[in-house]
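A quick write-up on the structure given underneath.
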Amino acid sequence: MELVIFALAALGAVAGGVGIIASRSPVRSALSLLLVLGCLAALSLLLAAQFIAALQIIIYAGAIVILFLFVVMLLHARSGETAPNRLGWLTPAGIVLGGLLLAGLLGTVWARDGGGVASVGAEFGTAEAVGQMLFTTFMLPFEAASVLLLVGIIAAVIIGRPEPASPTATGTPRRGVEARKR
Amino acid sequence: MTGAPLLSGLIFLPLAAAMIVLWLDRQRVGAMFTVALAGMGAALVVACVLFARFDSATAALQFVERTPWTGGIDYAIGVDGISLPLVMLTAVILPLALLSAWGSVHERVKEFIVSLLALETALLGTFLASDLILFFVFWEAVLIPMYFIIGLWGGLRRAYAAIKFILYTMTGSALMLVAIIVLSVQGTAQLGTRTFDVVALRTVHVAMPLQGYLAAAFALAFAIKVPVWPLHTWLPDAHVEAPTAGSVVLAAVLLKMGAYGFLRFLLPLFPQASLQFAPVMSVLAIIGILYGGIVSWAQRDVKRLVAMSSVSHLGLVTLGAFAFTVEAVHGSLLQMVNHGLSTGGLFLLVGVLYDRTHSRQLDDYGGVAALMPRFAPLALFGRPRATLSRPSAASFCRRSTCCGCIRE
Amino acid sequence: MTVPIGAYLALGALLFVLGIAGVLLRRSALIVFMSIELMLNAVNLTFVAFARQLGRLEGQVAVFFVLVVAAVEVVVGLAIIIAIFRTRATVDLDDVDLLRG
Amino acid sequence: MLLALIIAFPLAGWLILGVVGGRLPRRVIGILASGTVALAFVASVAASRHPAVSAGGLTAPLFSWIAAGALTVPAGLLMDRLSSLMALVVTGVGFLIHVYSIGYMADDRSYARYFAYLNLFIASMLLLVLGSNLLVLFVGWELVGLCSYLLIGFWFDRERAAQAGRKAFVVNRIGDAGFLLGILLLATSTGTLELGRIGSLASQMAPGVLTAVTLLLFVGATGKSAQLPLYVWLPDAMEGPTPVSALIHAATMVTAGVYMIARLHPLFLAAPLTLSVVAGVGAATAFFAATVALVQWDLKRVLAYSTISQLGYMFVAMGVVAMPAGMFHLTTHAFFKALLFLAAGSVMHAMGGVIDMRQLGGLAGAMRWTAFGFVIGALALAGIPPFAGFFSKDLILEAAFTSAQHGGSWLVWVAGLATAFVTAVYVTRAAILTFLPPAAHHGHPHEAPPTMRWPMAALAVLSVGGGALGAQAVGAPLLHSLDRFFATAPATESAPAVLLTMIPVAIGALGMVMGVFLYRGRREVTLGAVGRFFERQWYVERVYDAAILAPARALAQFCADVIETRGIDGAVNGVAALVVRAGGTLRRAQTGFVRSYAAAILAGTIVVLGYWLLR
């Protein structure tokens, strides 16, 4: 029974991955990313990581992909590839390198396989257990993560802010436009 | 011999004078020069006192002063038979160089005097330091004022000459630093305490292959300073571009640091390796002697001519140093002092000529002797003294190498 | 018959390579971003798989932090893309080569 | 102590004149300079009378000069028979020439400097002669070379004089290098440089080393005494004032080489090969110089070549182991050659510097003393019996003859005779062209002032009476004293056959008759092609230029330009350029495309992964 779920989820995830790369319109690739996230959540459940699965759905699928869609909508018109591809050599190189990496990774996985699966209690992956650990041993990283988020927010606001129409009172050269003139 | 800290006084007297000069007003050139001269004069007096109270019987270091500085490195200075003549040479030559600059240097006089004084301190320190790191510090300290002297008050291509001078010496001394550290590590392993003292490190026995590399590093650093044949190209440029005072000091004393290094550090610290290097260095020295002579024959610029002749004279010194017999070492030391005095004198004369005629091309000097009758014999005496001094040194070379080399 | 952990790892590897292929092959900045997200998720999967195999929760905590980082990265990245779009009116990565050596 | 005085006097003279000379009045300078040399003469006479001199040698250790490890060199003076003779000659002739110079240089601007250098020369010559150690001798040797440089180039504002001075110095240095090599080899093989002890150690040395040492010393001698290979500087040295030529280039300095060989005769005696080389070079130089003298128009150059030729004779004497004869000839030669030079000097003095014989002639009338002096000198030089030249030259030719009998080469004796003949011819030519009418000059010759005349007179007397020193009839006091010194030299054998002594005299007379016949009435006879060949010194100078100077200059240029600038500097700058170029190529890797960087990162990871996997 578990095998069937695993197979389905795996298939879905791979299809989603291919969809991201192959699809022409960015919206469809965003949706295929959504599919991948869903399948991954399922797989996490299989691996007794309920909290992670929930997180995956809420944060990733809920917030990040939505953000993507916003940006796609914002830039929807000119996202097609019009300019000639100057890095012609990159596609074959990408495929070759990708293949090599896959072989390498699979090699390591196959070489290291073995080692039994540890038995684990029912409340193994629950939010309570993870939360317990998060707020005790991983206290410092947790706080650091929060600071990181704060910084990220501020950065996004500053970068994303549209240029004010008139030059600012302090006479600092307006970014962007001046930079290009030099 | 505790007594008054004679050596430290000797080293830091010029520096004190430099401080005073710095404090002086820039316009009062006369005052600055007198203060500087007083500083150097005092150093000369101390050097003479040192000479008087130096008993030549013992070979050990005398007037040793040792104060621990940081981990294993201590401010240890001492003088012995090898460094005494060179200290005296420095103490004599520097005031002369200063005097020669009195008339000829006009812009930025204060900085010039300060750098000359700093140079004297660094030179004295180099000759007196008996701690490897302290020696290295003074060795590098010499470069800075010399760089400014060549770089700021030099001739047309002074920037090129100054940089070339610095790069040449720096590459050498960088390797030397590595060797010093490795040596001290070997030393601490065998002696127990962490030390850079030359006398202590002498007893350290270093395995042969490693000793070879260490000796090679030291030899390279010193070979660049004593221009041994292939590494000498910085000397003509530095001489041509340096102002008179600079060339005098450069020729008379700086070149001796390398040879001093051979005698004081390379031979005692790495006996087996030095034996191994002896044939190679002797051949290079011989080439240097012949090559220096030949090239100086084809020179147009008189300073370059004297520079190349210095290459040849100092080839003799390295030959003596690597001959490992008492006479040879005596000879090379004597030759160093002789060369210092005669070449220093020659550069002073060239400086005087240059200030009058502003040209250094040999063929302009044809009838100059008539213009300055008293001056010409001085030049002639300067020149033959160099040749006369040569026989006394030449005859000291080691038996077979020397005859071999000259016959060759 | 439980699924061997190796399968999960292999799947993670496959997804990771797909992500890389996406980064190399596509020229639109957005698609590249999504493939990066895909790669991050592939890594999350591996983390979870190992956590399960070793029975240690640290794996899942690691995933938590990866998520945080991914979130910040997306936010800042998209802001940059918008800024570029506003000045260069393009999303194509190859146009943006001002930093040539 | 007496010995030190001999040198101290001229040295003091040099110091005083050198330092305060400029301010002293001319008269005082002259007297001071000549006075010091006179005192030196008196001191050397007193010293040579000292009993120790005839015994082993009066020594005066001065100070311990070098004490370095095994090699200790005590500086000291030594006077034995040989050096006493030399000291007397140097101070005696020197004094006469100083007196002569007072008159000759009367109107010269740098009067004091001239006498200072002259005194320094006498002092260094005495140091050379009285040195007890080979190194002290060498220092004297170098100082003498320095003085000759200073005095030849005395009128340094004249380009030719300065060049001649430089040439003399360089050629001498070449000789000195050989000499120094000899000393070093001697020092290393015998361990000592003490002249006294070298003689005894000569026997232990390996023959090969001994020959090498003696040959090197001989190279030094040829440099200083202007023998064939290194003679080129002497003719040009005539640019200096004439008294200088008389003193240095006739009487004293050039004989230093002969003295050195005499001083080290035990070494040379033990090296037969070197002896034959010495004799050969001596004979060749004698003949060569005589022929060249025949065609010179400058009177001083004639005398210069004749000096080279007479020195050749002295080396022949050394070569055929007739040291006493060589020294005797050295003495007599000092007298009559100095006389000839002084006479030439007074001619120049009278004619305002003109010395080219083609513009002289008919001076006998006005300059009676000078002419008379010149003739006496000429007769002595040609070897006509009553004069000194005959006795000394004859002895050498006899020795050459006997050595030829005992297996030496006949060529030496034949060359000696030929030279005697040519000498007679050129000396007659010089006399006729200079003094006999018709006069070709337009100046007004006047006789030399007394200060110049008296030294010439004294030298004339010595040229005539000098022979007595070695004449058999009078018991040859000088020869006997020298024989005892050169104890190793064979005692003078039975009275030589009268025939043997008559041949050189006949040849000399024949030469003079030939000269009179050829150049009567001052006909400027050029000997055609042979004359031109001789004139260009058998093209020796040109060979030197082509064979040595040109390639040396090319080598110097090559080293200076190619090796120095392009070679080493090139290498250094090359390295710098290399680094810059490498930087350039790497720069192109920064394409600016994000995706190419991604690809690069990926490649990196794969490599690491691969390494980790396959390790």
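Going by the order they are written in, the chains are A, B, C and D; count residues from 1 in each one.
As a convention for this text, contacts are C-beta pairs under 8 Å (C-beta built on N, C-alpha and C of every residue); 3 or more make two chains touch, one makes a residue touch a chain.
Please read all numbers here as calculations on a predicted model, not as lab measurements.
*Asks:* Where the contacts of chain B and chain D overlap, which chains show up?
*Replies:* Per touch definition, common to chain B and chain D: zero chains.
*Asks:* Name the chain pair with more contacting C-beta pairs, choosing from C-D and A-C.
*Replies:* Higher contact count goes to A-C.
*Asks:* Please indicate which chain is farthest from chain D, where distance is taken between mean Cα coordinates of the chains.
*Replies:* A
*Asks:* Counting in whole Å, what is the centre-to-centre distance of chain C and chain D, each centre being its mean C-alpha position?
*Replies:* 98
*Asks:* Go ahead and note the Å separation of the Cα centroids belonging to chain A and chain C.
*Replies:* 4
*Asks:* At what distance in angstrom does the C-alpha mean of chain C lie from that of chain B?
*Replies:* Result: the chain centres lie 65 Å from each other.
*Asks:* If you average the Cα atoms of chain A and of chain B to get two centres, how far apart are those centres in Å?
*Replies:* 68
*Asks:* In chain B, which residues are in touch with two or more of the other chains?
*Replies:* Correct list: empty.
*Asks:* Can you list every residue of chain D that touches 2 or more other chains, as numbers and ranges?
*Replies:* Those would be 593, 595, 599, 602.
*Asks:* Would you please write down the residue numbers of chain C that are in contact with two or more other chains?
*Replies:* 20, 24, 27, 94, in rising order.
*Asks:* Going by the touch rule stated at the top, which chains touch which?
*Replies:* Once each pair is checked, the touching ones are A-C, A-D, B-D, C-D.
*Asks:* Give the list of chain C residues in touch with chain D in this complex.
*Replies:* Against chain D, chain C makes touches at 20, 23-24, 27, 32, 93-94, 96-101.
*Asks:* Give every residue of chain D touching chain B within the complex, in rising order.
*Replies:* Interface residues on the chain D side: 66, 68-71, 110, 113, 135, 138-139, 142-143, 146, 150, 156-157, 159, 162, 173, 177, 180-181, 183-185, 187-188, 552-553, 555-557, 559-561, 563-564, 568-569, 572.
*Asks:* Could you pull out which chain D residues touch chain A in their complex?
*Replies:* Its residues touching chain A are 593, 595-596, 599, 602-603, 605-606, 609-610, 613.
*Asks:* Which residues, counting only chain D, touch chain C once they are in their complex?
*Replies:* Residues in contact with chain C: 587-595, 598-599, 602.
*Asks:* What residues on chain A touch chain D, complex-wise?
*Replies:* Those residues of chain A that touch chain D are 86-87, 90, 93-94, 97-98, 100-101, 104-105, 107-108, 111.
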